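Got some structures for you, see below.
Common to both upcoming complexes is subunit A, partnered first by subunit B, then by subunit C.
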Partner chain A sequence: MEGFITTYGFLMVTMTLQAMLALSLYLPLMAGQLSLASPGFYALGGFVAAVMSKSVFGFTNQQVFPLPLVFVEMAVAAAICAVVAILIGVPALRLRGIYLALATIAFVEVVRVVALNLEITGQAIGIFGVPQPFSRSFDYMALTLPMLLLAIFFVYRLERSRVGRAFSALREDELAAAAMGINPTRYKVLAFVMGAVLAGIVGVVNAHLLNTWNTRQGTFDVAILVLAYVIIGGSRTFLGPVAGGLLLTALPEVLRAAAGIQGLPAPVAQFLQDGRLIIFGVLIAVGTLFFPQGLITPRMFRRWRAAHPQPAAARRKEAQA
Partner chain B sequence: MRVKRVSALLSGMLALALGVSSIGAQSQDPVLIGIGVAQTSNVALLGQEQVIGAQIAEAYFNERGGINGRPIRLVFQDTAGDEAGAINAFQQLIAAGVVGIVGPTLSQQAFAADPLANEAGVPVIAPSNTARGIPQIGEFIARVSAPVAVVAPNAVRAALNINPDIQNVAVFYAQNDAFATSETGTFQETVRELGLNLIEPVQTFQTTDTDFSSQIATALASNPQLVIVSGLAADGGNLVKQLREFGYTGLIVGGNGLNTANIFPVCQALCDGIIIAQAYSYALDTEVNNTFREIYKEAQGKEPPQFSGQAFAAVQSFVEALIAIDNEVGLDSLSLPELRAALNAQLRSMTFDTPLGPISYTEEGEIVQEQFYVAQIQMEEDGLNGSFVFIPIGDEAEEAEPQATPSS
Partner chain C sequence: MSAMLSVQNLTRTFGGLVAVNDVSFCVEEGEIFGLIGPNGAGKTTLFNLVTGLTPVTSGRQFYRDTETTRMKPHQIAALGIARTFQNIRLFGSLSALDNVMIAQHLHTRAGVFDGVLSTPRARSEERHVYDYSMTLLEKVNLASRAHQEARSFPYGDQRRLEIARALALQPKLLLLDEPGAGMNPNEKAELSDFIRHVHEEFDLTIVLIEHNVPMVMGLCDRIAVLNFGVLIALGTPSAVQNDPAVIEAYLGD
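Here is the complex of A and B:
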């Protein structure tokens, strides 16, 4: 077990972080906005953490970085991401569908090019020797797992709140929602900002986890990958992106481990190792073909609820009868 | 639990040689050496050359009796091209019980993954990380790849040797590539140190660019006699091609990103004459390099590139240090953590006669390499095939003949 945790601790932490990143893309999607800006804010958050821990707080990677300072970085990253998200969200969210997606891709590129040209972000090499709050990768779990659960709980409650209902009304029909008195711009920007803040916070943790941060993080490739989490997992319920993020992050490493199973013929093991990214790609394609709504759909919940009526709901029904 | 697995996919005869040698010596468990380089992703072009170099080293040393009769076995884990991949691969290698790791391919990956190995007390030799700050990551980190600051200036000196009348120098670099940005810093310093006129502003491009006409027009307006390009194969090759098409006839120095036969299809006949500094020369006439070159040529049908030579030298450093430990105290008397620590110390206390020439490591883990080389691309008339021809560096270098022994 100890060996397993040492070997796969990093992977498990990455899984929780990627699940949160998927949620950050799901938030604007709740209001019907296909925004690929999450990786841009994720990159921004990472740079905030790397710069603050090294230059502002002045720690080196030989010292243990106090956990409270990570929370300070999160707060700063969240504030910066929120301001940037409002500034670009208000004009950008006038665009719809594919045009909004394009505009947000442009934002991701702008962040990358700006970071490439700034001294403070270390240009192409990036920032290295980011100090660690924990001595082992797995210990990050103490931070990221509660974060993930909190994010899940937040989105779960959000879906059932007035704001969440406004989001889904906007997603289903913007005109009708506006006619009902919902301010489309306000709610769309709100969803966009919430996604941006979550992505920024994930970036903060990841910069510490990776020891380094550079412009190769949070690129357009990441945007596509996170979109795949949401599409494969399911885009109609908050559990979809979480499941997608967890599964798709683990898959390449599971295939790598499968290649090491004793007794496999050498060519099979070799293919599992070298071809694992091919298998990964094929699975994504097959997944979208056979699960067009994603692995987890609201229908599954309805069926589950029909089979297991909740006591409270049953009692309410009885009362109505 | 997990199985330590030899990479079975080997080209042609190498596969046989390796298979036979590892089956033939089952009396003792082989010593495991980890190879964590990019076997997939867009960095795989470099990683594959490293895999080949390491595999040749494995076969070469096992044929010569391994570590006093005990064979070595390489354990491969693909890092892909990203930081998370490098961390995962390193974790797997450490768990597999390797005595040391050769990898990763990119400097940025090293900044992410090396701290883990250092924490676990596993010696790492970087086969191709040239950025500043790599050996300083920790006491267990060393590199066999000389930093750009040491290698690159030789190309400018060689250019001055060809044309002593150079005055104006135009510098181009790909600003989104980590290697190119650190390399261009070195080039610009060298130009200033040699008292040449660096044309301002320095021209930048992206590795994804295909059209360089505005940068070229700006630079050529200042009448350069030397152009220095730091980029990758595709963009660098295109830039060279367009420079020539715009009528530039002076000398061109290319960075290490252009140091591959992959640029031949890009600039074709116009590649002719590009000057590139080398940390490795296949022409080095020593026993170990001649054997290495022969095996490589037989399997690949071409001259070995720098990346393969460096990967070979990294594996060789581990093997020869292990032999020294075995002679002194015996490998069996040490537990794995002790062996890793002893190996790390041993690496820094001896000299290795590698295909790169005699090398050693400083206490910090930086390589001490005696010889560097400069090659010039010579294209055949059809413009499809070409070769790297080694040329003299200049006055200082000509005096330093191959037999130097490492100082410091």
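Here is the complex of A and C:
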């Protein structure tokens, strides 16, 4: 067990963080907005944590970083991300579909290039020796697992509330939603800001976990990866991105482990070891072909509900909850 | 100004096409007002102007004493103007119940945290929204299928669901864009009764676009006739019916 935790502790924490990143892309998607800005805010959050822990709070790599200060960083990162999200969201969300995706990718690039040139973000070198609140990677689970559960709870409840209904109305038909009295700009920006805040908070934790932060974090590649989580996992229910984030983060490591199984012919082991990115790519392609709606779809819930009929009273209560 | 809705010299052009050309009329409180005209006469464009979905090129429009000429759709909806669409625009992959619940957005206040934390305020709001939605669905005989996907409904049911959704806004003025499109005479007669009933029960002013002349004649207090974007006649059904300009527009010369 101890060996397993040492080997896979980092991976498990990363899985929870990536699942949250997937949720941060899912939030604007709830309102029908395909935004790929999450990695930009994630990078921003990471820099906030790296700069604050080293320069503002003055901790070094050798000291244990107090957990409450991580929460302070989260609050600051959330506030900064929210402000930036409002500033770029109001103009950018006038764009639709693929054009919004392009504009948000441009934002990710802008963040990267700015960080590459600013003194405070360490330019090309980045910021090293970000102090850690935990001594072992796995211990971050105490922080990230409750965060993930909280994020899931938040999105789950949001979907069933007045604001969530406004989001789904916008996703279905923006014009009809406006005719029903929903202010499209307001709710699109709101969804965008919530996604940005979540991505920023994930960045904060990740900067501590990685011990370093630089412009190679939160790039265009991450945007595509996170989009893959949501597309493969399923974009119509919050469980899709969570499952996609967890599974796809674990997949390369599972393949690596599979390559180590005794008795495999050498070429197969070699392929599992070195070709795991190829397998990963093929799975994404095959997944989108055979599960166009993703692995987890709302229809699955409906089927489950049909198989487990509830009395009318319970359903009524559910609708009210 | 005692009129519920008034448009003054309203014009909308799309490139070189004048879809609505210098149209002026008033809709009085409490009446059922018909808007008829051949295909492409600009009826739906006029609805889109009134509800703010299409910006006005020139002219002005008022709801009671409020000028709505430059307002956005959601602001106009907030004044109490609801509509249905000619080509049915339900939230297709959501349930019938959700469709009606969404339309009560303006009458509820719960924010993000109310909803997520399920505060007493949010819960009591949700209860009211749910109850009122079910009441409306019962009125259009769809309560038993409240949890089904809206797009799985037969055409006529989708039309009625759209009316229920518009009623959920608790409007004062209801705009119905060809509610009887694609219905047979029996269904149209039923629809007329339903519209009359809704008009009474919800104390509404209704503007309706309809092709079917007998239906409009039987239902409406006054009728406006559009042809090529121009208002060519306005008056009681019998007056409009005998207007030479209207006869020419419909039958040609």
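Here is the rule we use: the second predicted complex is superposed on the first by the 309 of 321 C-alpha atoms of A that agree within 3 Å, B and C clash if a C-alpha of one lies under 4 Å from a C-alpha of the other, contacts with A are read in each partner's own complex, and residues count from 1 in each chain.
Simple rule for what comes next: contacts are C-beta pairs under 8 Å (C-beta built on N, C-alpha and C of every residue); 3 or more make two chains touch, one makes a residue touch a chain.
Small disclaimer: the values here were computed from a predicted structure and weren't measured.
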item	value
Dominant toucher of subunit A (residue count), subunit B or subunit C	B
First, second, both or neither for A:L116, with subunit B first and subunit C second	first
Partner chain(s) touched by A:F154 [first = subunit B, second = subunit C, both, neither]	second
Partner chain in contact with A:L190 - subunit B first, subunit C second, else both or neither	second
Touched partner set for A:S55, first subunit B, second subunit C, both or neither	neither
Subunit B versus subunit C as contact partner of A:Q63, first or second or both or neither	neither
First (subunit B), second (subunit C), both or neither touched by A:R162	second
Touched partner set for A:P267, first subunit B, second subunit C, both or neither	first
Touching both subunit C and subunit B, counted on subunit A across the two superposed complexes	none
Contact footprint of subunit B on subunit A as seen in their complex	3, 6-11, 14, 61, 112-113, 116-117, 123-126, 128-129, 132, 135, 137, 210-212, 214-217, 253, 256-257, 259-262, 266-267, 269-270, 273-274, 277
Contact footprint of subunit A on subunit B as seen in their complex	1-3, 5, 7-9, 39-41, 76-78, 80, 82-84, 87-88, 91-92, 94-95, 107-108, 111-112, 115-116, 119, 131, 133, 137, 175-182
Touching residues (chain side subunit C, partner subunit A) in the complex	51-53, 72-74, 77-78, 82-83, 85, 89-94, 97-98, 101-103, 105-106, 108, 110-112, 114-118, 122-123, 125-127, 129-130, 147, 165, 169
In the complex with subunit C, residue positions of subunit A that touch it	153-154, 157-158, 160-166, 168-169, 172-173, 175-184, 190, 194, 315-316, 319-321
